[in-house]
Structures are given as C-alpha cells and as structure tokens.
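Next come two complexes built around chain A: one with chain B, the other with chain C.
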Partner chain A sequence: MDDYANIWLHRAKWAYLLLVVTTLMTPVFYVMYISFNENGFGAAEYVFTTRWYGLIFADAQLMNALRWTMSLAAVTTVLTIPMALLAAKFYKATRAKVPVVFLLLAPLFVAPDILSAALLVFFKNLNFTFRWLGDQLGVSFMDGWAQLGFTTSVIGLIIYTIPYAFVVILITMGRYNKEQTEAARACGATGWRAFWDIEFPQIRPGVFSACAFTVILCFNEYTRTSLLKGGFDTFTTVLVSQMLNSGMSEQSYAMSSFVSFVAIALIGGIIVFTLLRSEAAARRAQPVAEPGTRSTAAA
Partner chain B sequence: MNAIHPTVQVRQLSKNYGSVQALKNVDLSIAAGEYFVLLGPSGGGKTTLLRTIGGFHKPSSGQVWLNGQEVSHLPPDKRPTAMVFQAYALFPHMSVLGNVGYGLSLAKLPKAEVRDKSIAMLEMVGLKGYEDRRPHELSGGQQQRVQLARALVLDRNILLLDEPLAALDAQLRKDMCLELKHLQEKVGITFIHVTHNQEEAMTVADRIALIANGELVEQGAARDIYRTPERRFTASFVGENNLLSGTVASVEGDTVTVQVCGQPLSVDRRDLPVSTGATVALSIRSELVEMVPEDGSASSADGLSLAGTYTESVYLGLTLSHRVALSDGTQIVSRVVGESDAPPPVAGSAARVRWKPGALRLHIN
Partner chain C sequence: MTAPTDNGLDGLPPVEPYRPTLRERMSGWAFWVPIVFMVLFFALPMALTVVFSVFERTMFWMEPGFTLAAYENFFFSARLENFLSSMGYSLISVVVSFCLGFPIAVFVRKSVPQAAQHRVVLLFILPFMVSEIIRIFALRPVLQRNGLVNETLINLGLIDEPVTALIYTHTGVVIGEVLSFMPFIVFAGFLAMEAVPKFIFEVCDDLGAGPVRRFTDVILPLAAPGIFAGAVFIFVNGIGVALIPNILGGPGAVNGGLIATQAITALDFPLAMAVSAIMMATLMGLLYIGHRLFDLTKILAPMN
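Then we have the complex of A and B:
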C-alpha cells in the first residue's frame, strides 16, 4: 500500500480475503468444533471433551490404518522428492522445456478416479502377465510383483504427488544463478559437490516445502489409495467407509479433524519457519550493513 | 613450469551452438605471466573462447593445451585455471571468508590454514575486516574483489576473467582496472581478461586479441593494436579511426596511390599484395588529422590531405572534434586537445583535412 492509496479500499481488500478464507474453512472449523463435543452433532448442550480422540487412539484397527497412512506418506515422500528434484534439474538444463513440463504435469489433467482405475487395470494385467510368464518359465518369484498392495499404492501416490513437488522445487530453483555452480567447479568442486555445497542449501526451503506438501497429499488422499491398496486400510479409507456405512459418528468427526490438524500444523509450521528465517536473516543483515570504517573507495 | 610450452595454447578451436558458429578455427598462444585481453564486440565469441579454455564446455573441434597438456576432455575442476565471473557468482549463503576459503577446504587443507590463507588474500584485495559479511552486504566492486580473492587463493597459474568490471559504474571501473593490472604484476600469473571496452583493455593488457564473428581478427601488443592496426576491423573497433574506401590508382615501390572522392592519397604499401584498380580501405586516427580552412592554395596534390566541407565541432571537454564531410558524404573527424579561442569556421565553408606522412594506413580485405 502506498501513501496515496485509499485506506478504505485497502481495508476492503483485506475484508474480502478474510471472508473468502473463512467461508471456505468454516465447515472444517465446525467439524473440529463438534469433534470436541461430548454430545456430538446437533446436541443442544456443548460439553468439552477429548474422549472421541481418545477412542481413536485406543482403536487398534484405526491405529493400524494410521500406521499404513504414515508409511505410505513416508515412502512416497522419500521417492518423490529426489525424482522431482532430478526432474527440475533436467528442466533447467534442457532446451525442450514444453515437453518436460507437459509430461510432468500430465497427471494433474487426468481425473483421480480415472487415473487410478487405469492404474488398477494396468496392474491387474501386469500381474496376469507376470504370473503367466512365471508359469511358462516354471518360476514363482514374479507372482507378487504387480499384486495390489503397498508398492502399487506408492506408485499411484508418486504419480499424484510428483507434479506438485516438481513445481514447488522448480520455483525455488528459478532464483538460483547457475554461475555459482560454475564458480564452485572452478574452485575445484565436482558436479555433485557443487550441487550439494552450493545449490542445495539455496533450494532447501523449496525441497522442505515439497516434502511437507507430499506428506499432506498422501495423508489426505482417498481415491488412488483405496483402489490400489489391496488388502490394508489407511486412515482415510477407514474414515470414508465408516461414513458410507454408518454415517458420521462422533468418532468420524474426531478423525476428520485429526487429519485436518495434521495438514494445518505442517503448513503452519512451514510458514512460521520461513517467516522466522527471513526475519533472522534481515536482523543479521542490519548491523553489519552499515558502511565500513575503512576506505570505502570501493563501495 | 615448462618454459618451452606457452601457458595457454588454443589450436584450431571451433565451437557450434546448434547452427550458430560461435568460434571458427581459433589459434591462440599465451605466455606465462602475460596479461592477455580478449577484446571485441558483444556476441563475437569472447565468452565462448574463455569458457572453452576454462572447461565449461567442450570444443566442437580443436584443442586446448594448458601448461603443455591437452585438457580439452577435462572438466573445470581438473584444470589449472581459476575464474572470475561478471557478477552474482558469489555463494550467497556463505560469508566472505567462506567464499574465499571454499576451494581450499575442498582441497582438504587444515581449517587454520584455510583461514589464514583466505584472510591474507582478502587483505591483498583490500577487504581486510570484511570476513564475516555476506555477499549481499557488499557493494558491486567489493563483490568482485571477493571473487578475485576466491580465485587467486587457489594458487593456480591461469586466471580467467569474463567481463569482471562490466557491472560497475564508470569511475569504479577505471580504478579497478588499474588495481587488476597491479594485482597481476604482483602475483605474476597469466590473466586472460574478456571485455568489450577498449579503454579497459588498453589499461590492463600486455597483449590484446580482437575477437569478432567467432574469429580471431588480430592480436598484438596493446600499443601496436592501437597505433598500427593491420586489419580494417581493428581500426574500426580500437581507437577513433576515420575509415575511407578508395581505388588503387598506382603502385610504385612501397608507395600506393589511392583515389578517394576523386582525390589522390599516398599511403605506405606495407608489403600488402595490392594491384591497380583494386578497392581498398584506408584508416587514420582522428587525433592525427588536422583541419585547416581551405585557402585555395591548391596543395591538394601532396597526397596527404583531402578537401571537404566543414560541418560542425563537438566539444568533449578534454578534446574538441571537428567534422568535415567529403563530397560522397563520408565524415572525417579531426580531434584536437586543448582549448582554442578562435571561432570555429562557418558551417558549410570549405575546409581541408591533412596529416603527416605515415599517418594513413592501408588495409585490404
């Protein structure tokens, strides 16, 4: 805002922004509100409790689902981030930018249920092929390769998360000046050392954000996981099947809120961390930025 | 160091970017301890040549020899070169000391030694006391000094500089030019400095090579390039030369007579293969041209002057440039030092430009 701008216009913009966000988030906040009510949804009386959360954590089936969710999120993140990083490096280096971007963002253009159904059919056929091949060769070790399960879910989640991770990393990389890598090479660094010592520290915030993003996407994901998971259950698949079978219970409210809390905490954590860092950097910059006492002919 | 080999030798070097031929069969040889400048218009291929020497890309054909070894296949970190970039090449997440010491810590020198050497080098470039600053807390000139320290501390015997002063303002550039020259004399290693600025080149260079259109046009001592350019392009790019074109009227021994705008000029042949009727170029530095009013005394046959029409004078403080137009519209500039209280001639009046024997130079294409 500059000194001559209309203060009311400025306030109106803020009010608008807050209104939009509140409208979007109100249902979520409402669910969170109910999840702490002893009497549940629609009750005349509100009594604060954490009992419903206690029930979740006492439920062995749910805890098992949560463990699966977290394992999926962890493995997907560990695999997606290096792949996205490599893709972003390749994008910066290649002259054929449009095809690279198209290929990497393609999963975003396909509806999640279509993509996962396609993967499902693909894995089924692959599984059939492996079994047939095994039979022909008289071996059985390939039988499980394309069976629905953890691996197929992870593959589905990688396809889902890689465009986001790619874009987030690419944005931070955009600010990096590649002459720094050349300068490091001229100082005697190998390509890998130059990346690790010089480029990576500068794109680290982007890589961390991409990690957090990937974790949240995996945590919240239902469609792909439910179709590709095979035998086990994740937190969201349990939640959805509960809602479909027996409607929303007090426990479902607590579970929904829990998933939202995790996401908000992660994103909030990143924002606070980033703000603190940039503030600290600004504070560090100030005292020394004063002109030096010695000759400033060079300044 | 092996004294037989030149420190840097480039043989028949070519570099193509797709269909763009950035370098065409360049041969170059640079001796140990030389301050060598690659000068030329932008887009000429200077950076490409420097970066090929530094190993930042492979030549399309030809070879690079450094210290008597063929290095064309080696990456930058395996070459005996250090490099200073135009700007923004400092590591922003490291302190000044961290930047300067980076190469030494890669070489696994003990921490204390890295620190001592880096501080000594910072002192040498005039940045003592700036160790703990971040690059963004330094001025442009200071950042370039840090780059110099970071490169020199590596103790390599060839330093490559790509337009190191281009991002600085004019006054600072002049000061730092001299500093670079003195620094090079002090450390005694080979400097290869790329610039498109001829004043910068003249200030620092022992030798200059002119690069244009991917070709090495001409090379020689800075003074010779300025005073006795061989090629027409050199004359047009270095100094302030008047360029004329004319037809050879006669060749007698070492003297060639060239017709320019219907007036005969005599010029030294310099062993060039010229024949009567050929179209040639002539050049003469503006400070060697004197303008006099045309008094009709008909001295035109001396072959050392041209008649034309005075158009205007431009006052530049230190010098004053008079412009005289020839009959075909070619402008001749006569540049004189010092103030003159005499009123300038009337625009449009007849004037004559003249010079001493030997001032005019002949170029063939």
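Then we have the complex of A and C:
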C-alpha cells in the first residue's frame, strides 16, 4: 500500500509527528509564556511585561555568571572542534576503528552525574598528588594544575561535547571524496594545504554545525559544570540553585526562557543559514547540470 | 646542482624522493591528541572509580586502603532497592519512548522524500537543544496541581478534580524521562532505519506481509543494533540523571545518579565512586550483551 492510497492515514501520521514535537516543546513555550506575565505563574490575570527580563540584566551577579558561561562555551568550542576534527581524521585513517569510536562515543552513554563524580574525585586526587610531588621537589608551580576551576570545567565540557562534534563532523566527512586529497598531494600540496584548501571548504557546514552544537551544549550544561567549576558560578548553576532553594520565582521563569531563547535563536539561525546556502549552491550548480544555460549564466 | 644523469626525461631534473619535512613528521602526532586526551580524562577517571571505591573513608576525604564498606553500604541498605526500582522505571521509560518515538523514525524513512528526511529529523533536535535541566524544571508548572495539564483538562470538563499523580511521583519521573530522552530514540531509530532500504516495504507488500509481520520479522531484526543503542542510552540516562527524580520525583524516587550526588554532598566519596563503578559495570554489561546479540559495529556503517 503506498502512502497516497489512504491520504488521511498519511496526514494522520504527519499530524502525530508534529504533535510529538509540539508536546516536547510545550513546557518550554509555556515557561516563556509565564515569563512575560507581570503576575507570574498561576495568576488569574495575564499582564504582559518584560520587567522580569529587565531584572536579569540589571543583576550584576547574574551578568557575571553569564560572562563565565560565555567564556566557558568559547574556550570549550575552540578546543573541542579541532580535537573532533583530528579525531575524525584519525578515525578515517586508522584500522582500529572500534576502540577509537568507542572511546569517543562512550561519554554519550555515561550519565552526567556519574561522569562528573568520577572526574571530580579524579581531579581532587590528582591535585593531592601534584601537591605532594611539589612538596617532595620543593616547588610550588604544580599546586594549581588540577585544582577545581575553569580548566577542570573545560575538560569536563570537552568530554561532554566531543562525541556530538565528532559525529557531526564524521557524517559530513562521509560525503567527501578522498581522491581529491590524493590529487592535491600528487600535485605537490602538503598534507595541511590539501586539507585546508580542498577538504575543509567541503566539510565546513559540518564544522559550523559542530561549533554551534558545542556552544549550545556548554551554554545549557548544569551538572558537569556545577561539580567541576570550583569557585565561580555560571548562568545555569545560579538558576538551578535558585530554583532548588527557593522554588520557581518570576525571575527564574525569565532566566529559563532566556537560556531557551538563546539556544533556539542559535539553532534557528543555523537552519536558516544552511537552507539559504544549499539554495545558493543549487543555483550555482544549475548551469553545470544544464550546460545549455551556462553561457547566459556566465554573461 | 649536479647535471642530470638521466636523459630519458628530456633534460628535466630528476625527481627527488619525497621527504616529509620536520613539521609534517611532527604533525602526525597531532592526530593522537584527542585519543590521548580521552584516555587521560575519560577512560582513566572512569576506570579509577573502581580503585577509589575501595579506599577508606575519612572525615572529609578518603585515604588509600582496601575496604568493601562502600559496596556494603550500597548493597545492604535501601539504596539497592531504590536503584533496582529506578531501573524498573527506567525500563518503562525506554518502552514508552520506543513505542512513541520509533514509529516516527520508520515513517520518516518510509514516507518522507529522501531530500527532506534530514530536515524532518532536525525538528527533533530543537527540543533537545533546549537545556535539559530547563525542560525538566518547565514540567513543574505544566504538571502541577494547578498546572497547564490539569487546567486544560478541567476547562474541557474531562475531570472535576486536578490529577495529583502527575508530579512528585514515579509517574512524574517517567514523564520527565520520556520527554527528555525521546528524541534520542528518533535519532537512533532514524540511523538504524538506514539498514532498512525503502524497497523492503514494497517487497513486503508484494509478498503479502501485513504491517505486524513486516515490523517483527523484517524491520526489527534489521534495525536492532540502532534500536538497542538508543534503548541503552535512555536506560542509562534514566538511572543516571539525578535531576529528574530530584525535581519531578516524590519519596522513594531515587536513581543511581542521585545516590552518587547525595554521597558527594555527604562527603562520602568512596560510596559515590562505588555507585559510579556499578553504573559503569551495568553499562559495560549491557553493551557487551548487545554486541554479542546484534554486532553493534553495524551502527557505524553510515559513518564509514
């Protein structure tokens, strides 16, 4: 039976798909809706306001936490993407594919609380070891190496984000023809030239999406950062401690919505950008596909 | 430069053998960086949990030694019971997610044009990209006594009294897990359905197999590795993400992740490590069984 034999069944399936997406998004949209209410959650009367957002941006502690979040996201992205690229290249070249892919994808299967607990104890022990070593050698420069702080959070976030970046980059690399690199090498390009001038432009969309994923994941992350961060606070850790300690306030609705808005804006931007790009690429490819129109396109 | 001895190339200089420069030779090692990083900061800490779990507990930390006190503390207390019941509820979440999510993956592969398939799956990335913690917290105003669901049902006249079983119960935990992790079964199912070519549906039609037989005898065996990976993912997150029972669960809703987090708060680090080690063993066991049953490397086929 093909899909159009019973058009209503086909439509019902589409409706179900969209219903599921809507259901998944409803809590987020509902929180956004509440966040613009002057009277907060459960009020009988809905009065539109942006006051709660104003409060966030006026709060120095929150703005400071937001700065920490953004620097964490930036540093993690800058480190994760090249590593994921190297790992993807390594995976393509190596014969021992299963151990490599296991090592890179396993963090997906380890629950956040478990991974961060393991890392927390690991870093604490490492810190004690470094201090002890330093005492034995009479030097103190190693004392801060494994202290909980920015570095340890970045390490935790890299381990969290690298599987996603790796998979996205690997999938885009799958469409790349390796013969092009061979041709470039045969023409005398170094390995780096061949990568940067030939391969990278073709996998660029994947790399960009991987960047966006990493930024969003870091921006959203709570468990790993909260256990590994040491002294400072990020936006989500402030938010969660507020919500756990004093319940949902009007401001926490606004903060939650703010985080969701950022993520949705980023992912929406990427989708629009990719669609525009693929359309532009299709327009460029058309004269090649239909040679008759080429001269007019060139002119 | 010496005169060319070989005249067979019309006087062109001989080709020098290719010698990689120092930079090129060094750059080969760069490819090992991610591997070394993952071994050092992922595999090693996870393996060390076993070692740290047998250390002696001190007031604020632990010291090297060998004791099974942490395991005793886990296996001979209410913790084991909680852990096992969280496994049960996690299993329910897996089944519910599969029933709700997998048909979507089949539908997208079967009925959506090839070029649009990825875009449709992208729809499910959207909820996943909103912070998990915020989605879980957002369920509170939705499921509460005077929340969205109850208000809607009362306004529609379907119920008279608000349903209180939706939150701060095990039901709340299952709802939270399904809504958090269902996109994964859609992704995993979508990848798994790569192993089920479109013509298979036509073949089934021609041979007269109904939808049920088509599903149990054809789709399920072919897509099994991917389905299994998605199911394991949901299962381990169900027993590992502490925030879901913490925020949506009531009394007795405690999973492995929450036990570990509470142990850290109580400065009982060996116990936290023991829980981590047990979770690792569970995961490894599941992956091993899955690998023996369906050869999980098949999932990687689309990536090669």
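Assorted remarks:
In this section, the second predicted complex is superposed on the first by the 281 of 299 C-alpha atoms of A that agree within 3 Å, B and C clash if a C-alpha of one lies under 4 Å from a C-alpha of the other, contacts with A are read in each partner's own complex, and residues count from 1 in each chain.
Methods note: a contact is a pair of C-beta atoms (placed from the backbone, for glycine too) under 8 Å apart; a residue touches a chain by one contact, two chains touch by 3 or more.
Just so it is clear, the structure is predicted and the values come from calculations on it, not from any experiment.
Ranked by how many residues of chain A each touches, chain B and chain C are led by C.
With both structures placed on the common chain, the touch criterion links A:Leu55 to neither chain B nor chain C.
Of the two partner chains placed by superposition, only chain C is touched by A:Val240; chain B is not. Contacts of A:Thr190 after superposition on the shared chain: both chain B and chain C are touched.
Touch criterion met: A:Val28 reaches chain C, while chain B stays clear of it.
In the superposition on chain A, contact is made by A:Ala111 with chain C only, not with chain B. With both structures placed on the common chain, the touch criterion links A:Met70 to neither chain B nor chain C. Chain A residues in contact with chain B (one complex) as well as with chain C (other complex) are 190-191.
Remark: chain C residues 21, 24, 27, 30-35, 37-39, 41-46, 48-49, 52, 61, 100-101, 103-104, 107-108, 110-111, 120, 122-127, 129-135, 137-142, 146, 148, 179, 182-183, 205, 232-233, 236-237, 239-243, 246, 256-258, 260-261, 264, 269, 272-273, 275-276, 279-280, 283, 287, 297, 300, 302-304 touch chain A in the complex. Residues of chain B that touch chain A in their complex: 54-56, 75-77, 81-83, 85-86, 88-93, 102-103, 106-107, 126-130, 132-134, 136-137, 139, 141-142, 145, 147, 150-151, 154, 160, 172, 175-176.
Considering their complex, residues 177, 179-180, 182-191, 193, 197-198, 201-202, 284-285, 288-289, 292-295, 297-299 of chain A touch chain B.
On the chain A side of its complex with chain C, the touching residues are 1, 3, 10, 13, 16-17, 20-21, 23-28, 30-31, 34, 41-42, 83-84, 86-87, 89-90, 93, 97-98, 100-101, 103-104, 106-115, 117-122, 124-125, 155, 158-159, 162, 167, 170-171, 174, 190-192, 216, 219-223, 227, 236, 239-240, 243-244, 248, 252, 256, 259-260, 263-264, 266-267, 271.
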